[in-house]
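Here subunit A shows up in two complexes: once beside subunit B, once beside subunit C.
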Partner chain A sequence: MVVKRKRLLQEWGIGYAFVLPAVALVGVFLVYPLIRSIYLSFFSWNGISAPKFIGLVNYVKLFHGKEIWNAFLHTILYTVCSVTGTVLIGLLIALAIERRIRGWRFYKFALYISVMLPVTVVAVLFAKFFEPNYGLFNALLRSIGLERFTQNWLGDPKTALGSIIAVSVWQYSGFTMLLLLAAMESIDPAVHEAATIDGINERQRIFYITLPCIKRPLFVVVMLQIIFSFKTFDIFWIMTGGGPALKTEVLTTMLYRTAFSYGKYGLASAISVVMILIISLISLYYLKKSKLGEQVVE
Partner chain B sequence: MKEKLRISRVLIQLLLVIWSLVQLYPVIVMFMASLKTDSQITLDLFGLPKPIDLQNFPEVWFGKDIGLTLGTPVLNSVVITALTLLLLCFGAALCGYALSRFRFPGNKVVYYLLVSLIAIPMQALILPIYLFAKDLGALNSIWFVIPMLAAFQIPFSVIIMKTNFESLPHVVEEAAYIDGCSKFKTFWHIVMPMSRGSIATIIIVNLVSIWGEFMFSSTILMLPNVRTLPTAVSLFTTNMYNSTLGPLFAGLSIASFPLIIVYFIFQKQIVKGMAVGSVK
Partner chain C sequence: MKRNKLASTLLVFLALAMCAGCAVTNNGAATPNAASAEQPAEAAASAVPADGEKVTLRVASLAGVTTDMFKLAKEAFIAEHPNVDIEIVEFDSSTYMEKGPQVFGAAENNFDVAWYYRAFSWQDMCDAGYFLPLDDLYTSEDWFSALGTPVTDLYKNADGHYYSVCESVVWIDNMYYNKDLMEKFGWSVPTTWDEFVAFSEAAQKEGLIPLAQAGGSGAQEWLMDILLTRMFTPEEYQLACDPTQTTLRYDSEQWINAWKAAKEMQDSGMIEQGASGVNTTDAQALFLSGKAVMIADGSWAGNVLQSTLDGDVNGGFKVGYAMIPAYNDSIVPKIPNYPCNCVMVLSTTKQPDLAKSFVQLIMSKSQQEALAKAAINNPARTDVSAESVSALGELTVSMYQDMVKYGVVPMWSVLMPQEMLDAMNTACDGVLTGVMTPDEAGAYMQKKYEEVLAN
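After this line comes the complex of A and B, so read on.
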């Protein structure tokens, strides 16, 4: 009996020892900051004087101000447009590659390169291309005689957000393409063969076989892109910093500015909590849905 | 009918060629501009570099004239990326193994904790993490950033490892225990070598994001001697003027080379790893 108990305790000890590094890392760098965020959101604090408890005032201030709605609007616009763009382009290219169009190996290889580039490189590169005087875009437009379409792309409130969306679609459509292609290629070839014998045409093949078979991966890709877009910070911060006139301000840039430019730690924490709530709700819905889907398939 | 099919094929082919140009042209312009002098860039951005000018690379690497060096940030990024991946793989493998093999009170709690942490957006934690680093006196220390970056990726990576271990047969391990092999030794010498594929997936899925991580590294590592590559690159927009475009493009190229070379060599593994790693 004693021996058995000693054995059991020993096994528990080994279990704890194995999970310790991961749990310690996560506890220190995720759980603790998370709790501190929630805690700080009830205080007024500039980082220097003593924090003052003010209850829900930060949240009231936040939702009564215009800034958060402005940031919300741009976050949602950016998310909707870049998700639609990346998923549609990725889907079309994946369909063409899956049908083994001539040169498909090259396309599969080349169209993923942009995904491998660091976001900061892409942001700086395109900021230079969008530059109004010597930038690539205006130079291209001038060289084909479309002078009147030249723009101060990132400096004009009308074109700034659209330009950033275009860059995101440029960078990430390769990612959606790859995931959707992998899903299409895992469809059982026997299904396609049977359909060919039945004399199916290309359009029917796409709408009645390929698309229905990748429904679940398509859902996964859309959700991944939504979550990813909601959290985007780098490209905004480097290309426009939220400007001009806050016309590209999103939740992440608003959070960063409130914390590090204005030093309003309490208000910034309230923004964090709102962001965490929104994104974790979307993520949990996604995690639950995709798991359920798996069980149904099995 | 056949005629119609041929026309649509040609149309699709044309669209693909145009899109490939849109995708590749900016990257090609970047590489070519890095081989041009500043006057060549302003006068003829589209043309081939004539003559090829390699001066930009040493200039941006040592940064004597432009006041920004890329040499130190490259080294910092290499060290941080390598150590973060090492810590991440080690932590995730150990934890995933315990969750799939050992029974102990709290086993399920750890699992659900990790699953729900996948949902937390790290970006929202920038302020408390900055304050934490400040409290510890760890601002400008890479030894704070390495475990931090590893921790961000732990939840997802543990799930990948757990799924991996569950798919391995128990028989070999049981044989090892009977031979008197300890739990850790069995894990390290027998189970880990069988899990190379999953470790590779974790590295592939996280390599690009860790190498390119900007928000946290630029906030915590501000001094020139600890700066990472993305921070240095981002400073190009503010610190450099038109007269230093050549070094700028050379700098962007240097920041992209490592990952593009990795992609050229490991294309097959990366394509497979991303597909498996992100959908799971």
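After this line comes the complex of A and C, so read on.
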């Protein structure tokens, strides 16, 4: 028995050796803060005095107030619109580039530039574009005689969230485009050649060859976009700070405000725990439905 | 065998790393050994170190003008105390706002003196014994007269002690105007609200924005600070600024009228359209580009605006300063200020007397005058000479004259907890954009206030 265990350790030892540094890093920088966050969510703590155990009071407060539902609604709205927009636009552009339309190299490069820009730069830039009195968008609308469509883009509760979604879609469509394009380009050319010989048209090529072949990468891209969108913070904080009238408040801005403006670290931890739970549930459901967790056997 | 050894070593490393992670508690914030008012620091070293003994004071500072202020004081202090060195450690503003307690509390930082806001975590740090009381200096230096009681009251903690002192101030609701445009159209600076309304109509007829007023990204509270000081009687204002009072409700007529006035300013075009989507730099851009005749901005902005215009290759215009008129003729408004830039002695200091001497020097009349002469910041003391203030520029001199003439009051937004400020910003957004009526804004604020009081 001992000999067998020793042999097993010899066989697997090198495997553990390779995995351990990553496990250590994940443990210290991910698992520990997560456990600490869950622990703190049961305390009242201002970051200075000793934490005071209050049980589930933070959670009761959180779900009793309207703020969390308001932030949750905006987070979901943003996530749905942003993921739909970035994936659809990215897919369309990838399809166009994959068909080698005229100037495809330029489009591929140009559309990826936005991804390379820091979010803070994009947010500040677009905040200027959206400025109601001298901003580029309203100036453009005025110059082409569409003054009636000018808006107080970021200051009006009706348009603020939509404006942020538009910026986000603009910035991240290049990212989905690149991933999906890579997936499309990995399809065996013989499949396309065979289909061409069979007399397939372009619509059929997209729906019966390209899309089924990139189904798994497409699911991965959607999954990544859901996670990215759900935890987006910087673009909201810089462009609107959650305003006007909390109409762009999302869970992340609420968390930041609760922790760093109000000094309620216990309540902020409760928000983070709720966020982790929501995103885990969405991810698990999606993994199950998309069967991404299953091993592909070629 | 070797593989096993490697695996074991890594397992030990993992365990140690986890322990190291667990050892970090309270996000690095270590509550000091409360050398608070009741427990004065044992290390009552003499103010002046013995001959030949070299001591160093460590000072935590915010990068920028605060560090300039400390550097200026350092020179003067070292001239008096040649065997003392002062080490100034700079932090950026976000570190200060978000991690003040960690900065001051970390034992390895070993700070003697610090600069901080009388905001954010200040109150919690006072309660947790981070600072030494400065009561003796308040009395011996008579800071009550030099700073004015509206300012010194702000630093009196619930336990009756003064834990910090205001070293510089800014004023918020200054009105700057484009002198060239005013002259061109023959307009005079309005001194009453009726004149302000008439001026506003005339400016709009010329296609100009009368007053650029930032109303977004946290600047909403300034608009309300302006209106509160111009619509509330001094008694009402004092009540409104008391975070614990329950007499003047937020859904009272006075408050609702303030919301109505804000809405009226927006709807009548007195301030730019879509003010809720305009931040301070956007408002400045409207003024600098000549689209707005006037701008409401802080005391720091006047010189910045003028120097930007002076550097304009196309030839900028001259900037004038005036007070925004009172909404009611019966009210003589005081100037709302932000007296939250303060210095304090940390309770972890090993040389409390020396640290206090340094603070004493910073707050001395001569040093406050030197601060103004070096054009670093507006001194908090109100008794500095006019000659020293003149170095801060023509616009600041006018502001000082008004400050002396009308007096100052701390802004409502300075005295309120952050949750009330956010509620104010939300309500202001709601009213300016028509999502909330003034009555709804009042009800919303009252509900928030009750929640804050309950907590």
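By our rule, the second predicted complex is superposed on the first by the 251 of 298 C-alpha atoms of A that agree within 3 Å, B and C clash if a C-alpha of one lies under 4 Å from a C-alpha of the other, contacts with A are read in each partner's own complex, and residues count from 1 in each chain.
By definition in this document, contacts are C-beta pairs under 8 Å (C-beta built on N, C-alpha and C of every residue); 3 or more make two chains touch, one makes a residue touch a chain.
Values in this document were obtained by computation on a predicted structure and should not be read as measured data.
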| item | value |
| --- | --- |
| Which of subunit B and subunit C A:63 touches, first, second, both or neither | neither |
| Partner chain(s) touched by A:240 [first = subunit B, second = subunit C, both, neither] | second |
| Partner chain(s) touched by A:28 [first = subunit B, second = subunit C, both, neither] | both |
| First (subunit B), second (subunit C), both or neither touched by A:46 | second |
| Touch count on subunit A, higher of subunit B and subunit C | B |
| First (subunit B), second (subunit C), both or neither touched by A:220 | first |
| Subunit B versus subunit C as contact partner of A:257, first or second or both or neither | second |
| Partner chain in contact with A:121 - subunit B first, subunit C second, else both or neither | first |
| Partner chain in contact with A:149 - subunit B first, subunit C second, else both or neither | neither |
| Contacts of A:207 with subunit B and subunit C, given as first, second, both or neither | neither |
| Common interface residues of subunit A - those touching subunit B in one complex and subunit C in the other | 14, 16, 21, 23, 28-29, 32, 47, 127-128, 134, 260, 265 |
| Complex contact set, residues of subunit A against subunit C | 9-10, 13-14, 16-17, 20-21, 23-24, 27-29, 32, 46-51, 127-128, 130-134, 152-157, 160, 240-241, 243-247, 257, 260-263, 265 |
| Touching residues on subunit C, where the partner in the complex is subunit A | 1, 3-4, 6-7, 10-11, 13-14, 17-18, 20-22, 26-27, 29, 31, 97-98, 101, 105, 120-121, 124-125, 127-128, 130, 209, 215-218, 272-279, 282, 285-286, 289, 291, 417-419, 422, 425-427, 429-430, 432-433, 435-436 |
| Subunit A - residues contacting subunit B, complex | 11-12, 14-16, 18-19, 21-23, 25-26, 28-34, 36-37, 40, 47, 89, 93, 96, 101-103, 106-121, 123-129, 134, 136, 139, 143, 170, 174-175, 178-179, 182-183, 202, 217, 220, 224, 227, 230-231, 233-234, 237-238, 252, 255-256, 259-260, 265, 268-269, 271-273, 275-276, 279-280, 283-284, 287 |
| Subunit B - residues contacting subunit A, complex | 5, 8-9, 12-13, 16, 19-20, 22-24, 26-27, 29-30, 42, 45-46, 87, 90-92, 94-95, 97-99, 102-107, 110, 113-132, 147-148, 150-152, 154-155, 158, 183-184, 187, 208, 211-212, 214-215, 219, 229-231, 233-234, 236-237, 242, 245, 248, 252, 255-256, 259-260, 262-263, 267, 271-272, 274-275, 278-279 |
